[in-house]
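Note that the chains are named A, B, C and D in the order they appear, and that numbering of residues resets to 1 at the start of each chain.
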Amino acid sequence: DRPLTVIAGPCALESVDLGQEVAGRMKEICQAAGAQYVFKASYDKANRTSLSGGRGLGLDEGLKALQSVKDAIGVPVLTDVHTEAQCAPVAQVADILQIPAFLCRQTDMLLAAGETGAVVNIKKGQFLAPWEMGNIVTKVESTGNTRILLTERGTSFGYNTLVADMRSLPQMAQTGYPVVMDATHSVQQPGGKGGSSGGQREFAPVMARAAVAIGVGAVFIETHPDPDTAPSDGPNMIYLDQMPALIDTLMQFDALAKARPVSV
Amino acid sequence: DRPLTVIAGPCALESVDLGQEVAGRMKEICQAAGAQYVFKASYDKANRTSLSGGRGLGLDEGLKALQSVKDAIGVPVLTDVHTEAQCAPVAQVADILQIPAFLCRQTDMLLAAGETGAVVNIKKGQFLAPWEMGNIVTKVESTGNTRILLTERGTSFGYNTLVADMRSLPQMAQTGYPVVMDATHSVQQPGGKGGSSGGQREFAPVMARAAVAIGVGAVFIETHPDPDTAPSDGPNMIYLDQMPALIDTLMQFDALAKARPVSV
Amino acid sequence: DRPLTVIAGPCALESVDLGQEVAGRMKEICQAAGAQYVFKASYDKANRTSLSGGRGLGLDEGLKALQSVKDAIGVPVLTDVHTEAQCAPVAQVADILQIPAFLCRQTDMLLAAGETGAVVNIKKGQFLAPWEMGNIVTKVESTGNTRILLTERGTSFGYNTLVADMRSLPQMAQTGYPVVMDATHSVQQPGGKGGSSGGQREFAPVMARAAVAIGVGAVFIETHPDPDTAPSDGPNMIYLDQMPALIDTLMQFDALAKARPVSV
Amino acid sequence: DRPLTVIAGPCALESVDLGQEVAGRMKEICQAAGAQYVFKASYDKANRTSLSGGRGLGLDEGLKALQSVKDAIGVPVLTDVHTEAQCAPVAQVADILQIPAFLCRQTDMLLAAGETGAVVNIKKGQFLAPWEMGNIVTKVESTGNTRILLTERGTSFGYNTLVADMRSLPQMAQTGYPVVMDATHSVQQPGGKGGSSGGQREFAPVMARAAVAIGVGAVFIETHPDPDTAPSDGPNMIYLDQMPALIDTLMQFDALAKARPVSV
């Protein structure tokens, strides 16, 4: 069991500069703590709560920006895809294609992502039981691609609220694939601010810690130098300058968890 | 307030023959009861629980089959779209484009559907509060298209279960658009049979009745001559031969409800 | 199937005068509409959200007030009990003993209530599935008392929110006992105002109507001449002067529902 | 921040012998691991799913059995109370009075428990938001007793299912009182076996670990030499012979968590 991987970056890839700043800083933080690091950012926000929410750089500019982060910082990158057609071009740049939670049952997209040969990170839909991920994994596996990650990002719990069921982590691990805890979106309050989503940033480290103690392959944490000015998910992103202490703590829990694995 | 519209048909458009049989029978039933009728069927099941679930006729064959139903039976037709690209060709045939619940926040698809000028029926996501539909309506309205319907089809309630919150109907009506009660998918048990969804067919008429009593523009009910042999949603489709009594009852409740509208 | 029974009154039995005013007015309203009527009020609020919430008249004064309503107005009365010891004295006055939802699994209280021989109205706990009411019914039946009513009052749905699952009504009816729809507490927002519960009064008629259309034995509706000054459940009680129109409408739906019963 | 306290024992106090066996073994296990230990068992199961479920030794025999455990093993004991009247006699023996989750809003019982001067452990109702515990704490504090513990034991999540929201732990800690994670009842499936509750014993250690990593004052774990023969909560109790490894692991996480406390 390898040490924890940290998937981190800003929600939206606002600019090349922001991407390089966050990726560079996170690479240092993770190296210092002994964690693997993957840069994450979105080139398009295709399902914003409201029409007036910004969409981002778009596919072409976005892929250039991701490539520049890879080139300048030397880290693998993850980004989300939104249609079948995006999978192949995105896989030219991204090391990990991420399937958004709302789209996790769209068969054609899962197949297109699988066929690229890239790692496919599937977010469990907010409407899905953990044991249903087996059916989704089978869709990707049918392409011959078994480089699969499964991510917990919270489950619908009444209106405008998610709950992270910790049983989900060992349940999804029974597929045999690494499990990722998305500590950022688990504490999102979807649509909670009327025209945009709210969030409880203060609980993201709590979720990350609980998950790492149970034992996961990776944590997914959105971070930004100044979350309150970010175009999306500001309320649940963590301040970049709080990441060193958080990652260091998580690595301590990770070492302990992997020395004493849970058996379910 | 016009009399209730009934949107009904088989979940999957299995064949031209099945389409014509169901549409023909439903047209008679609705005429007898004084209801408007719209034929519904899907040409592609793009988000099946499992890979082995049948997909259907596909876009080309499916549109031909829908056209044949329109021509032969003389009824308007509704079908669901799954990508931006499908919107324009489907609108050549279908009178109503339906946005699947999982996809109800995908901005580009909402815009593409709106731009066709066809009626757009948006299913409320299982993960969405009723009051969030205002943001979604705004996306479609931005195209200049205000021919919009909003459908309740159940909300996530624990795992493998949905609950239909009746408050959703007057809440969505506050947008000013007609509201549709999907009595079939409200009683679905998503993923409840492992490799496919379960359902509680016996409660579909209960849901339809409650909704019509509150006051809705339309009910959406999937029906089939032999649901237990249907390729999808068999457990929650209603037997075609039970539709005359159901529609007749619903029309009685509709008349009473519209004579005494709720005010919220 | 007899016409609908209306169980109505103020949440708390604030005074003899208020009790007689509401009971007298509701008796007239129900007679005019052809409904059976039962007066409802609580002599003690034993589980207020916060300590500073008023408790009410207490057992002795409360029973005298209930008796005065029976004597002066000539209607049967329902009130809730909170301990085993209260059952016998309350049954000296009340025609129906009501088991509060939080207490619906307390075996000794169910037995004590059953042993009085009075009608026992059991509210389904917010934490209970409808099909679990069979086990609870068995507890009361073990005393030889089969004068049982089962009430739907909403189920926990995330935090501070309830949802009324309409499937619950025919499911509970499968026990063979009459089912009551509590339209008031189904729209409560438990703890929603911090130190007290909130509510959505505007949806109570919606819930009542949906339930009556499905077919129930009774509706339970809290009402007050001036809900905003009431000591408890003000946000979800209905104005007394809106009851004539509501009851009249419900009776129309009741007649239709009982002419065309659902079969589940 | 003191080391973790372990509250453990069989669900039901079946006999003096079972009590002494479990208490004796758990005392050794906790001493070896450096944990504080409190014995837990119930003398009465007052809210069994069904009438045929065993109730236990009853108050008089039960208190004698608890006293014998205290005398013979020399450990503090916790047991639950079910009525106001039970509080004083139980406090003659028990060090900690536990308020069952269903009863956590019953004002008179909270006051009676507080007035004994014993420690009062309040289980958060399955229907309650974590932030509502402040109102409940105020009820006990009004007696002058501030020896209070607050326990998370899962929240209603659809039917027959609970979910443990890890945010609840730091939220309840904001009251200033120690928080307990009940790892056993969080994985209960209420009513899940028809006439009794089901459970997912395999996830109890997962919940305990996640909670301890976040930082709690105590864990509550039911254990039995042979859970499958136990009269209640068998499906979610842990085998006594698995406790040494579990407690040892939890103490390692506890040390790490308390060295690096979360701040919310």
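Assorted remarks:
Note that in this section contacts are C-beta pairs under 8 Å (C-beta built on N, C-alpha and C of every residue); 3 or more make two chains touch, one makes a residue touch a chain.
Not measured: the values here are computed from a predicted model.
Chains that count as touching both chain C and chain D, per the definition above, are A, B.
Here chain B and chain D face each other with the same set of residues for the most part; over half of the interface numbers are shared between them. The greatest centre-to-centre distance from chain B, using averaged C-alpha positions, is reached by D.
Separating the centre of chain A from that of chain D, both taken as means of CA atoms, is a distance of 36 Å.
Averaging C-alpha coordinates per chain places the centre of chain B 48 Å away from that of chain D. Averaging C-alpha coordinates per chain places the centre of chain A 33 Å away from that of chain B. In chain C, the residues that touch at least two other chains are 155, 157, 159, 163. Contact residues of chain C toward chain D in the complex are 46-51, 55, 82-84, 102-103, 105-108, 125-132, 135, 138-139, 142, 155-156, 159-160, 190-191, 195. The part of chain D that touches chain A in the complex is made up of residues 155, 157, 163-167, 169-170, 187, 200, 202-203, 205-207, 209-214, 249, 252-253, 256-257, 260, 262-264. By the touch rule above, chain D contacts chain B in their complex via residues 157-159, 161, 163.
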